[in-house]
Structure formats: structure tokens, C-alpha cells
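Mind having a look at this structure? Questions to follow.
Chain naming follows the written order as A, B, C and D, and within any one chain the residues start at number 1.
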Amino acid sequence: MSKLRVAIIGNGGICRACHVEHYVEDDRAEVVAFCDIIEERAVELRDKYFPEAAVYTDYKELLKDESIDAVDICTPNYLHSIIAVDAFRAGKHVLCEKPDAVDVTEVLKMKNAADEAGKVLMVIRNNRFATASEYAKKFVEDGRMGEIYCGRCGWQRRRGIPGKGGWFTTKAQSGGGPLIDLGVHMIDLAVWLMGNPTPVAVSANTYTKFADNETSDSENSKFGDANNQGTFDVEDLAMGMIRFDNGAVLQIEFSWASNIKEENRFVELRGTKAGLKWADNSVEFFTEEDGQLLDIAPRGKMETDGHKKNIRNFIDVLTEGAEPVFKPSQGVDMIKILCAIYESAEKGIEVLL
Amino acid sequence: MSKLRVAIIGNGGICRACHVEHYVEDDRAEVVAFCDIIEERAVELRDKYFPEAAVYTDYKELLKDESIDAVDICTPNYLHSIIAVDAFRAGKHVLCEKPDAVDVTEVLKMKNAADEAGKVLMVIRNNRFATASEYAKKFVEDGRMGEIYCGRCGWQRRRGIPGKGGWFTTKAQSGGGPLIDLGVHMIDLAVWLMGNPTPVAVSANTYTKFADNETSDSENSKFGDANNQGTFDVEDLAMGMIRFDNGAVLQIEFSWASNIKEENRFVELRGTKAGLKWADNSVEFFTEEDGQLLDIAPRGKMETDGHKKNIRNFIDVLTEGAEPVFKPSQGVDMIKILCAIYESAEKGIEVLL
Amino acid sequence: MSKLRVAIIGNGGICRACHVEHYVEDDRAEVVAFCDIIEERAVELRDKYFPEAAVYTDYKELLKDESIDAVDICTPNYLHSIIAVDAFRAGKHVLCEKPDAVDVTEVLKMKNAADEAGKVLMVIRNNRFATASEYAKKFVEDGRMGEIYCGRCGWQRRRGIPGKGGWFTTKAQSGGGPLIDLGVHMIDLAVWLMGNPTPVAVSANTYTKFADNETSDSENSKFGDANNQGTFDVEDLAMGMIRFDNGAVLQIEFSWASNIKEENRFVELRGTKAGLKWADNSVEFFTEEDGQLLDIAPRGKMETDGHKKNIRNFIDVLTEGAEPVFKPSQGVDMIKILCAIYESAEKGIEVLL
Amino acid sequence: MSKLRVAIIGNGGICRACHVEHYVEDDRAEVVAFCDIIEERAVELRDKYFPEAAVYTDYKELLKDESIDAVDICTPNYLHSIIAVDAFRAGKHVLCEKPDAVDVTEVLKMKNAADEAGKVLMVIRNNRFATASEYAKKFVEDGRMGEIYCGRCGWQRRRGIPGKGGWFTTKAQSGGGPLIDLGVHMIDLAVWLMGNPTPVAVSANTYTKFADNETSDSENSKFGDANNQGTFDVEDLAMGMIRFDNGAVLQIEFSWASNIKEENRFVELRGTKAGLKWADNSVEFFTEEDGQLLDIAPRGKMETDGHKKNIRNFIDVLTEGAEPVFKPSQGVDMIKILCAIYESAEKGIEVLL
């Protein structure tokens, strides 16, 4: 059988660290084209991993190659939806790094283009593939939680602002602070475990309190250069609550810096038969067996990097008709939630979706 | 100097356990009258503690005694405001058990009557007088927290429904479930530590999931008899968020039963200079000193029962012109919050105050 | 069937709080005699619980009553073995409060007298009957721990010296400090869960560092009056290690006062298939299932007072031939361990048993 | 001023990862010679870091160069003392990787040779230079602990055997299991914080229970290759107690695999004025201030790699007469302790030093 022919558009850090090697490991696919506006990035990866592949600097040229089945988009955020729409129009399937898009209009364009083309759109949701997440999902799907009716999620840091003054803290480049950087991971995990109910309202507020704090920069700056002369116009803490159509509510809190004991990221869900707490890639269940209250926690090796399995799922979908772990409507809901949180913070009132 | 002459109206459990003996211990006051519709209750306390005191079964008769300076109201909740209003009209000061009143109309009547009479109204806020709370309050007032801009509070139980089917779970008698029973304690503590900002909006939901759960009754039933044939028409979990006029938000969660690891009650506050966590009558601060992040936690003996100090504060106010720890406007805000939480849950939308 | 006829010798605090009512609740036994050197104590209990019972002030007179089947000894510690030996010679079964005896000679006399008389000797081991302990024991006996080869136990307090200067801190009256007061509970629980291996050596040290510390007295003083002019000649911390004949070792630490975070009492055991941690009447297991590491913790209501079940076991043994949870040889081993710890501390070297 | 002329003998992993670059960073020293039996290792480091340096394959040749002031030994363990003795005889100062030597005879030879030559001997103790350790040491030296009279230390893993069947689990190559691998770190940290009292006795036992456990191998295998056909003749858990000349005792527990909740490494010390707990490179103090029990914990960035500061201290000593953090007698005591633990385990009895 012929292999799935994939092109990777955007050959920077995330492509190198988390994408390209997973195609090498999977016999069912091959990368046939690399594309980056900085040509040597594309050449370097081509030479190292797939010497037969073509190299492009203009993704529109690449999309003209009719032998390409799918594109994997690893560009800066604001290009995700633009390239995806063009790819669907050229008849390709799309795998795309998160976040899905920078606003609701864009994410809807992306989903509609996929629907019209009848092609697969998957956005990376690597946290769903961590071992602890898979345990939690199976527990939920086996019916052991009963009905999940409320919960909390968050990623809180005491001091961990990535690159103060750099692109992370500049709204025009990042779209926002810890809500965009950290929130998207934990909200997605929570909503997915809840069975993807539809969000209907958001009430929240955001704060910027550590822009001038001298102790607030941190090792997290490795993800983006700091800039002493730069901008800090994003929040450093977001707190709020999401309502869903099934009556469930989810409290959220995300911070790059706040005066708490220590960094932690978590999803807590309350179900009628059991509850769960996912925390830093481990998971614990609070349940009943035979009328006896019982806690259960798997403690084996917990894989934390989900990109490999996420990319394998994309290939499974395209080559074997497997069920995609991510559906485009979930991406639309996620972007709606994020945008509504900022809107609610600005207006000081709950926002209906 | 003559002593402060106090009458206690309502001589049931809370009067016996937490009120009458504190007047015995304080030389500046004496109880000169007891009143209960069950006369022997009044007689029993009179004989034991203040043999000279009068006994009444009708509080209106009692209020005619012009020598009485103040009344201490320990009746069922729905009578608090009714008796308080009559007492103010009769020219008495009032100390009253919580909750302040059963709805916003009533709590406003109570406050207005106090204002018109020019008399002191204090409602019991015993948690403010716990040692850990006093530490926290001093830390805040010394400016060591900086600006407090958001937080969380809660009292969560895995299984702890008081008297299933009894008055606790019957809305007509209790006014509500864990929000009324537990929430009032922790919300008051949080708001007081935040400096009593004015609440402006509430978004919340409530759930009843454990009415039929066989493992959900508990030792907490000692506070009210269970009744197998009784009613369960209150929530067992309330979750939501309160907005204040200064932009602060406070997440809340209260449950009598939910699938969590273990019971805990807490107030977490995030300030610009430090954060704090009050948990089960201990408190820990997360702060900076000389550019060094530092946690500090007092660990000495923590008094948890605040009634003694609360009653002493009432006497201090009346005999020495001390500052009252509680102000009537705080009671109005509290009742507004509680009512708005139920309204928001019912309507599925944020409620403006 | 006629009831078991029991006499209680020593009618002070522990008899009132933890013994006499459990005979009222059990139809198979009755208390037919009370004995105390302070006659009114005996009379009071007789009048309240068993009005038909006889009252004695001299236990030797009581032992002459041939209709008595068993005696329950609740006297001060140094009398336990003396009265037990006399009771066996008079043909009675014996239930006795802990500690078994004050030294090895005495505990052996007690055991030998029981053996010669062919009567049952049980010493109270109430912690074995706590719910968490029963879970742990069942887990061990079901083979789920595999071989238990080492562990730790302790009861540590930050500040909790009972009655400084009173009998607790006076060696002639108490026999020792936290090792005697707290250690006997946790060591027994650990050794019993380990399957009662025979102790063969002890290495330990003891310290007295808080006799003059002003913050070191505590609410624990309710168990014995403090005395400012009194004696403090016992340890406030004991630390060491016990070796058993099967190669297992058990680390121990007991303190009334030491600079630790907070009070905790615990038994940790390491087995080849699983480990367990018993802490403050809860228990958690660390195990494997199907090659997956897993933690399991029962979280239901945990009964902590074991006296009721302990006394019921004594009655079961005498009326139904049940297996006694306690065997006299276990008491001998316990007293050997405690004495060896003090000897090792004094000599600064390991002591062989 | 001329620079300190250093030669590094043994140019494998630890030299590359933790030694050579720290000489580049420090202006006061330079590496003038590399030596390894595999010449290309030496050449590679020379070319990369100190192109002027000489390269040797025989350390005895290197020692003939009289211009060399000091050698830094990074060879396999059994060569440490042999090379050090030769270096002292050649008039060099010595910095040496841990463990100091493989037995007591060897460590004494090493110390004696240093004494006779009048040269400096420092063995790496990188944990002492971690930020949390420095906090703890300063707290102790400021007298804030009072007298330290007992404690515990350990490094426990649930599953973490390095390279099963490889050199780590082969006694002839490693000298032992987790006691040698992990114990040396935590025992040194504990004893150093205690003020280096002299050990006088050791009682311990060791166990091998996970040699055949399928889940027991782990990511820790990266430190040494596993070998399915290899040997496993070392312990996987060591537990015991060390006595010191000042009456202090220290409980120890080290495991590569055991059924505990999760990996943890720690030093707990009890002092008369305060206690401390060092855990995973953080530290917390339990103390009193003004009669108030108080916990204090620095929470800033905690450097965990101490090699840089350790090597700087060596240079400080040689160029500026600074106080060495490590003294040779401490190394002798450490090796005595480790050897005595194995001896005590073998004999089943306490061993006097």
C-alpha cells in the first residue's frame, strides 16, 4: 500500500521537537515536502529526516502538488486558520498545532472549509494523550464517574512569566497571557473528560499585577526571550467560571505569577458515582465500591508527551478510518470560551455564547 | 459602675452551648432575663447561671422592661429579624445569632430599625475570632498582602449531610443546603479579610445528587435528626463566583456530599505582595522578603471557638465604645450574596446585586 | 444459657469511659461485682449499670466468689500483673488494661500463671480493632502484601506533653515518657500487622529536651494534671530500631515534644507485593495490579475506638471459643521491647533480647 | 598573578557534564592537561575547551609534570584513592569525585598521603552547595536550631533500579546498591548539617526483593545500561540507624525499589530550638519566635546542581586560602559508615566503629 504523503508547513521549534520524528517512526506515512519562509530550516530537516522531500518557501506553491495528501501546520498562531483554509481548498487533510485560531471568526472559517472539502481537520490536543489523561478518559467512558456535573481546572504559577517584555507578554503577538498559554491545555482536558458539553456562558476577570515585580521572571523564559524594553499588556492571572448546556459549571484559574505555595496544574471533576483529580500528569479517583468509599490511583510510569500518539491518531484516521480524538466543533467551542473570558473580564459581566 | 443588663431570647442549644456562660465570665455584664416559648428551658438556665433573672415566654413582654440594655437573640432563623426590629423599637441594643435574616427584605428592615433607633446591631461572626483568622486579619491590615484582588473559599465534604430528611434538608425550614449551612462561614471570612468590598454580581449553580445515596449520611447528623420519611429539597453542592465593586472575584464551592478526597474548608486569597491560605483553622502566608520568596505559617495553639471573643466584643462596644468587628451593612451584603446564588442557579445566568 | 459473670477491679476513668458500658450492650455477659479502694466509685457504677452487683474494696475478697468467671482489671499499671496472678490462682479468666506489666519479670509471671491455670489472658489492644487496622490486617492476611520485611512506626508531637510535672513525667509512676505512653500503641500495631515476628535486638536512644520549654505543655494535659513543682525525669523523645527473628527491622520514633511540622502517628510497612501506610486511623496501600502500580485507600467512616470490639472479642473467646486477637506471648514481647529500648538508650549500644 | 594549573584525570561522563566547563568559567584556573585511557576522549575535551592543554593516556606520566598544581580525579570509583595517593606523592593538590574510596583502608591511605604531603584533598560534595542546603547550613550555624540531637535521612524510590543486571547491580563493580548510589548523598548532607559529629556505631539491615520484579526497572536506567543476562547481587533497600559520639542518632532508609507512595529524598533534623526538613532541594524550618510556633520556608529559585560551586570552593581554597567545605576526616567517616552498614546487615548486629 502506498504511504500517506504529508507536508509540514512551518519548520521551527515545535516542528523539530514534537512533529517530524514521529513521521519517521511510523511506516504508514512519509514527509514529502517541507516549507518555511526561512529556507535553511526546511533544508536542514529535509536533509536529516526525509532526503527525498521537496523544499518550499511559499506554502501556496506547495499546495499545488496534487500528490500531497495532508499538511501539518506548525507556523505562528495567526497563520493556522489562513493556511488551513487554503489547504482544504486544495483538497488536503490538515493537522494543525494549537491554538486552533486567533478568534471565533477564523476558527469557524477553518471548520467550514474542512466541512466543504470533506477533509479531516485535527488540531493538536497532546494532553489528551498523556497516560494519566487516558486513564481518566477510560474511567469516565466506562461509566464509573456517573454524571459529571461540575469541576475546576487550573494551571497556577507562583513565578513563571515566560519572557517578560517579549512576544509572550505582547498581546498583539500572543493573543493573551496565561489563559492562552496555559489555560487552553487544562480547559481542553477538562471539557474533553466531561464529554464535550457545549459551553453557553462565561463569567471571568483578568489581572496584571506582576509586570513590575522583580522576582517574577523565571526559568520559563526559555520559551521566549525576555526584553527589558518590551511590552507587558496581557494578564498574568485569569479567574472565572464556564457554564455548559447540560447545567455543569467549571471554575478556572490560570496564572503566570501569583502568591500561592507552588506551581500546580490540575483538573478536578465531580461525578455522581466518583470524582477525579488529574494533577501534573497523575490521576486519582474518589469512588465507592460495595458501599465503601475508596480512593484509587494508578502510579506506574506516566508518559507526559502526547505528540507522538496525537500524530499517530491522525495517521490512523487517514489510513484506517479510526475515530479522531479531536473534532473541529471542539476547537470552535474552545476559541469561543477563550474569547468570552477576555470579553467578560473587559465588561465585568457574564458573556453568553 | 452598673453592669450591662442583657436578656437572652431563645434558650435552646446554641444559647446553652455558646452564649450564656460567656456572660458569667464577664464582670461587666449580667443576664437579667431569659425568654423561651418552652418555659422550663428559660427556668433551667436562670436557675443555673443567673438566679436573680426574670423568666418570660413572650419576648414582647420582656421588651417592656426598660431596665434592659441589650437583647441576645438565639431563636430559629426566621425570627431573628422580627425580634430584632421589635427590640430596636423598644430601645435595646441587639446581638443576634447568624444567619442575619432569611431574605434581603428582612435584613434591610433589621438594619434600618437599628439605624433609626441609634442602637448597636451585631450578628455573630465567630469565625472571625478564631486565632488563625486574627493572624490573617492582622497580616492583611499591616499591609503585608498588598492589594487583594481575587481568591477562593469553600467547605467541601465527601459525605456529611446533616440529618437527611430532617429540618436541614427541608428548604422551608433551613432556607437551603450547604450554602446556608457552611457557605455563610467561609464567605464571611473571605470577604472580611478582603476588607469588605461590596458584592456586585453573582454567577452560580446548585445541584442535588446525593439525596438517594446510601453512604451519604454521616456523623454530621448529630446537628439535626434524620427522617427517613422526610424531605430533601435543598442543594447538596453549590459552586459559583462572586464579583466585587473593586474588581475582585471570589470563587466558591460548598458541599455536604461530593466525590472528593476529604473534607476541607478554606479561604485562599491572592494579594499583590503576598497570598494566604486559611484551612481548617490554620493559616499560611506566601510572601517575599528581601527579594526572597518565603512561606510563613504560625503553628501554635489555634483557638477555634470564637463565640467567647465575639460576645466580649459586643460588651466592649457597649461599655467601652470599642469598634464593633461586625457592621450591619456586612450582614446585608451577605444575605444579598446568598440569595443571589440561589437566584443565579435557578435562572442559569449571572445576577446583578 | 447462663451469662458470663464478670467482675471489674479498678473503677476509675478508663473503666467508666471504655469498659463498663460495653458489658451492658452485650447480652452474653453481666458485671456481677465492682471493686475499688475508693468504695463510692464502685457503688456509683454499680447503681448506674448493674444494680444487682456486689461491691468490694479488697480485690482478694472478690476473688473468693467462685461464681465469678472472669475479671477485668482497670487499675494503675503496677497492679496489673499482681492482681492477674491472684485471679488466675483463683481460677478466673483475665482481661487487663495495657500496659501488660511494668517489667519483663512481671509480664512473665502473669503469662505463666495463666498457662498454669489454663485460663484466658487478654490484654487490651484497642488499636487493632480500629477500622483502618482491620482493613490493613485483612489485606496482609489475604497475602496481598507478600512478605513484610521492614517498616517504620511512630507517634510524634510538636508540643504535647501530658501534665508536665505530674505522674506522666515522673518515671516512678509512669515507667517512662512517650515510649510508654504512645509507643506501645504503634509498636503493637506494627508488629501485629507484621504477623508477630519475635523481636531479637533493639538499638535506641532517648532524650529529654523540653522539660523547661514554656510552649511545650498542651491540651494533652487533660490526661493528667500538671504540677509546677513536680518531676520531669522521663524522655520526651525516643528513637531507635527493632530487629526481628525473620530479618525484618522496624524503625521507631516517639515524642511528646519535638520541632516537627505537626503531630502524626503512623505505621509504614514495606512488603514484597505491596506496602501500606496507616496514619491517624486511615490506611493506604501501594501495590501492583496487572503490572500496573496502583494506590488504594478505603475512605469510608473509620471507627477509631476499639474498646467495644476488644471487649466483645474477650466475650467471644469465653462464650463461643473464638480466636483471641491477643496472645500472652505478644505481651511478653512488647514489654521486652520497651525495656530494651530504655536499656539501649542508657548503655548507648544495641541490646539483644 | 599566574593561574592555578589543573589536570583532569578521567574524561568520561561526569567530567564532561559537571567538571570541565566550570574551569572555563573561572579566571583563576586553567586546565593544562587531560588524561584518559581512551585517548580520543581527552583530545575531544582538550580541543573544545583548552586547546593548549597536554593530553595523556597514563596518569603517572602526567604526574611528572611539575608545573601542574592540582589534579581533578573523575575516574571509576576504585581508582580514586590509588591515583590520589600517587598525586599527593607527586606534590599535587587533589579534587576527587565521590565516593571517596571503596573501603576504609583505601580512604585512610588517601587521607594520610594528603597529610604527609601537606596538600589539599577535597572530595566532591555537591549536595552541600544546593541552595536549600546552604539555607539549612546557615540556619544551623546561626544557632537557630539549638542542639541537633537526632534525625532521619533517606532516598526512597518506588521503582527506580538503575540498569538492572548492569554495573550498578553488580557488587564487584559498584560496591553496593542504593546505599552507595543514593545513601552517600543524603547521609553526607545530614551529617554535615549536624556539624560533623563522629559516628560511633551502626545497626542496619539490607534486602534484595526486586531483582525479579518486572515493573522495577525504570527511567533511572539511563545512568547505566541494563543487562538481561547480568548480575543482581546488591541490595535494593537498606534501613538502619547511626549513632554519633555526641549521643545523636540518625535513622536511614535507601531504596531503588520498594512499595511506597512515591520517590522522595530527605533529611529531617530535630534541634532543641528548631527542626528542619530538607526534601527534594527545598527546605522548611519548624521553630518558635516570641513564644509562637512558626514554620518558615524559603521558596525562591533553588539551584540544585552544586558542582559549579563545589569546584569554585576548591579554587578558592587553593588561590585565596578559603575554608574548604569538605575535610578529609569527613570522607573517612563516611566510608566507615557505609562499610559498617553492610557489615551490620551481614552479621545481624550493631557494629562499633
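Going forward, a residue touches a chain if its C-beta (ideal position, glycine included) is under 8 Å from a C-beta of that chain, and two chains touch if they have at least 3 such contacts.
All values reported here derive from a predicted model rather than from experimental measurement.
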If a chain touches chain C and chain D alike, it appears here: A, B
A-B against A-C, pair bridged by the larger set of C-beta contacts: A-B
Chain whose mean Cα position lies farthest from chain C: A
Interchain centroid distance [CA atoms averaged], chain A/chain B, Å: 44
CA centroid of chain A to CA centroid of chain C, Å: 57
Per-residue overlap in chain C, given as positions that touch at least 2 other chains: 158, 215, 261, 284, 286, 291, 293, 295, 299-300
Complex contact set, residues of chain D against chain B: 284, 286, 291-300
Chain A-facing residues of chain D, complex: 158, 215, 218-219, 261-262, 299-301
Residue numbers on chain C that touch chain D, as the complex places them: 147, 149-150, 152, 158-159, 201, 203-205, 207, 209, 214-215, 237, 239-241, 243, 247-249, 251, 253, 255, 258-261, 268, 270-275, 277, 284, 286-288, 291, 293, 295, 348-350, 352
